[in-house]
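Each of the two complexes below includes chain A, the first together with chain B, the second together with chain C.
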Partner chain A sequence: MKTSLPVAIMTVIALLIILDFFVVDSASVQWIKQSGLVLRSWGIVISAFAMGLGAVNLLRRHVVAISRRETDAFYSILLVGSMIVMIVVGIASGSTSPVYDFLFSNILSPASATMYASIAFYIVTAAYRSFSARSLESWVLLLTAVIVMLGKAPIGAAISGIFPVASDWIESIPNTAGMRAIMMGAALGVVSNAIKMFLGLDRTYLGLRD
Partner chain B sequence: MIEAGKQFTFASLLLLFILFIYCIRQARRGKVPTIRRLPALDAIEEAVGRATEVGRPVHFSPGIIELTHERSAQTLAGLSVLSYVAKLCARYDTDLVTTIMKPDVYVVAEEVVKQSFLEEGKPDRYRGEMVRFVGAEQFAYAAAAVGIMHREQVAANIMIGSWLAEALLLTEAGAQTGGIQVTGSATVAQLPFLVVASDYCLIGEEIYAASAYLSQNPVELAVVAGQDIAKAIVIGLMCLGSVFLAFGSEAILQLITK
Partner chain C sequence: MERLQSIPKAWIYLILVIVLAGPLLKPIGIPIQISDGVRNVFDAIDSLTPGSIVVFGFDYSPGNAAEMEPQALAILEHLADKQVEVVGISFQAQGPQMAEKAFANTAWSEKEYGVDYINLGYRAGGQAAVAAFANDIPGTFSTDYSGKPSSSFPIMQGIKTAADVDMIITIAPGQPGPEDYVRQVYGTYKTRIIAGVPAVAITQAAPYVQARQIEGILGGLPGAAEYELLVEKPGMAVAAMDAQSLAHLLIIILIVLRNIPNFFGAKEARAQSISNSTPNGRGGRS
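So, the complex of A and B:
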């Protein structure tokens, strides 16, 4: 019962959502369209509740870290403090208020931008590790990367006009072909996974083997 | 009844359904297909084993996509692998840290890990801290996960799911802690980063075959075989379409856009 009930619910809901996508909006199948709409709204409500659970988990973990005076408890104090400030400001003045907007634009946005910017340095370290030519595949990767980089940088065109042409060819022919092949395989993988779940054959996402 | 422009897709879905049912019936009759080796999935046990030897935790992430997103299939594939990783951790008494960005995934992941420890007969070893919701914003999540990986010196970093720009931040943090990294995604834009930054990488559809590969369940293997047949049909259709177009006929093009 514990296993079959969630699978049965999932199958019925999946069937309704699939039909909602395919059927024409007409009076005879209005109930399918309505069901799809209601189910999507339920999804939003469930996500909101899940967000509450997540916040409780986050708060619990950091409050415990503070009470135990763990090594990095300072960061936990910072997190709990920021969380409380944002919740209080959000509830008291709304998420469109100037105070909330100020906190969002001047703390969260620059912090996110900083993290995003650091990717540039990580690309260099990842490239340094992976572009060491130790095998045939590494050589292919290295040569391709060198050609594409030279093709994109002004110095490549200054050395030889062939680099921009070769770079464009690599990007538009082998690269696109490879990407499309991966996308096609993945799309079929999605369908097969959905059908497995639909039939209750794959229950590992519930933590259950057969 | 079926909307114009979606009729071919609907018919294809029905045909795939019939094909998979046929493959499953064949498998139940004893014709079990074999699946090629996936070194990335074989490496998971090695990664958990090494973490056990050095007494350091295993980090797992099922990606940053919620369960209602169009790419949620990747998250579900990640949760299937999480189930396997959690069982290995329970078996070897290894600490597991699962970082989650989406709250709905957090609820499911918690249940998956708890159930896996229960199935291994070690429910007492499960701790709430094994699954951590660390923030619902992309780079806040990345900062938290990278911090956890550094502070707790994870010995293995396993990431199966869908990512965006933060993928490289996580894999580089994993590389800096010196652990084995097993990643997998069907998000084409992030695959190059995962391939160069990790030790093993599952590419595209391989993440969807993970559950079948790890369980060696005949029925699941049959679905993978069905998927390969479908792939051959699609390739055939593409070739046929190209030939038709070359001869000036749009018959195939009109059929698939119906």
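So, the complex of A and C:
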């Protein structure tokens, strides 16, 4: 009962959602459409709670780090402080207020953009250090990378019209073929996993190993 | 020769800064060619008639705005020109603020909020939220970003499901992204979808474009730059193209430098192995 009831609930809910996707919108099956609608709304509410739970966990983890005076406690203070300020401002004045907008535009945006931009430095040094061609396969990979990099920037076309054409061919034929195979494989994997869950063969989502 | 394989990181960083900052301060003006993919996106949006309903997914955050925002701005300029109605939504927590910024920095700032465009804010839930949106737009986005009931705005009259929408445009660097719209919206409602993705995600979206489930994609900053030229409003993306070109060239030069010793080393090793395999060394046939 401890495991069969959750499996039964999951199966019924999942089947309703799947059926909703396939049935036409007619009066006789309106209850399926309505059930799908309600269940998806529940999904959104649960997701919102999950975000809140994540925030609380993060806060707890860093408050503990501060109280224990761990090595990087300074960063925890920064995180907790920023979080409290954004929460207080957001709740007190709303996310469309000038104060919230100021914090978003002048602190969060530049800080996030800086983090993202710094990846460029790592990409360049990583490409330099890791692209060491020692076999035929690695030379093929290297050549492909060079063609795509040139084809994806205006300088490639400025050097030769071949680069954009070759880059597009690589992207739309071999690359897409590989991607499609991966996607189909993953989709079949998801279907087989769903069937295992419906049949109660996979109960790991209940915290059980077998 | 070995020194080519161990250029210090600091030097590479310094060269990269120079290569990126130089063209931004003094543009070179490398010509930008319009690709077929970007032209397809332009033609699809250009086919919209005045008054068409377009749902615009601001599914990006400040972190990836450098690559995604120019795409959003260029498309929004085109949409403003086409006199369509735009419903802004977001499945990414910081998306609504990005939408506010985008509307304020384009021709939409001169249009009437709630009549010509609206920002419906963010809904959590990822793909489940996309599915809910497709089935019930006013129910999923019951209020706009400022908290007013969405049904109170004239633009929302007559919009119930994704079937009432003429086109969905999503600018999304991750999840939920174009694939989720294809699965949850196109699969059921056949609503036209256009996507803006980062350059690294083009491969992921390409199968859907080939299957015509997504009508067109803009890829990364080059896609945005080409679109800016098509709408005749060159902006951030066009300005950044010289820097991107030189950065790509720098990476290629560094990779070549890194591999020169490998290339000559392999040649030497081959020569050495031939020499060892013959009894009298090189040219040892007697």
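The rule is simple: the second predicted complex is superposed on the first by the 179 of 210 C-alpha atoms of A that agree within 3 Å, B and C clash if a C-alpha of one lies under 4 Å from a C-alpha of the other, contacts with A are read in each partner's own complex, and residues count from 1 in each chain.
Definition applied: a contact is a pair of C-beta atoms (placed from the backbone, for glycine too) under 8 Å apart; a residue touches a chain by one contact, two chains touch by 3 or more.
Computed from a predicted structure; not experimentally measured.
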For A:Ala157, using the defined touch cut-off, is the partner it touches chain B, chain C, both, or neither? Pick first, second, both or neither. second
Have a look at where A:Ile84 lands relative to chain B and chain C in the superposition and call it first, second, both or neither. neither
According to the stated criteria, A:Met51 is in contact with first (chain B), second (chain C), both, or neither; which is it? both
Based on the superposed arrangement, let me know which partner A:Ser105 touches: chain B (first), chain C (second), both, or neither? second
Contact-wise, after the overlay, does A:Asp202 reach chain B, chain C, both or neither (first, second, both, neither)? first
Applying the touch criterion given at the start, work out whether A:Ala92 contacts chain B, chain C, both or neither, answering first, second, both or neither. neither
A:Leu142 in the overlay: touching chain B, chain C, both, or neither? Say first, second, both or neither. second
On the A-aligned overlay, A:Val63 touches which partner chain: chain B = first, chain C = second, or both, or neither? neither
Which holds for A:Leu15: it touches chain B only (first), chain C only (second), both, or neither? neither
Where on chain A do chain B and chain C both make contact? 21, 40, 43, 46-47, 50-51, 108, 112, 115-116, 123, 125, 127, 129, 131, 179, 183
Touching residues (chain side chain C, partner chain A) in the complex: 5, 7, 9, 12-13, 16, 20, 30-33, 35-36, 61-66, 93-94, 96-97, 100-101, 123-126, 128-129, 131-132, 135-136, 139-140, 145-147, 187-188, 199, 202-204, 206-207, 210, 219-220, 222, 225, 241-242, 244-252, 254-255, 257-259, 262-263, 266
What residues of chain A sit close enough to touch chain C in their complex? 21, 33, 36-37, 40-41, 43-44, 46-48, 50-51, 94-96, 101, 104-105, 108-110, 112-113, 115-117, 120-121, 123-125, 127-129, 131-134, 142, 145-146, 149-150, 152-158, 164, 168, 171-172, 175-176, 179-180, 183
Chain A partner contacts - residues on chain B that touch it in the complex: 1-3, 6, 9-10, 13, 16-17, 20, 24, 66, 68, 73, 76-77, 79-80, 83-84, 86, 100, 103-104, 106-108, 111-116, 119, 128-129, 131-140, 142-143, 147, 151, 165-166, 168-169, 171-172, 175, 186, 188, 191, 193, 195-197, 203-205, 207-209, 211, 215, 217, 219-220, 223-224, 226-227, 230-231, 234
Going by the contact rule at the top, pick out the chain A residues touching chain B in the complex. 18, 21-24, 26, 29, 40, 43, 46-47, 50-55, 57-58, 60-61, 72, 75, 108, 111-112, 115-116, 118-119, 122-123, 125-127, 129-131, 141, 179, 182-186, 188-197, 201-202, 204-210
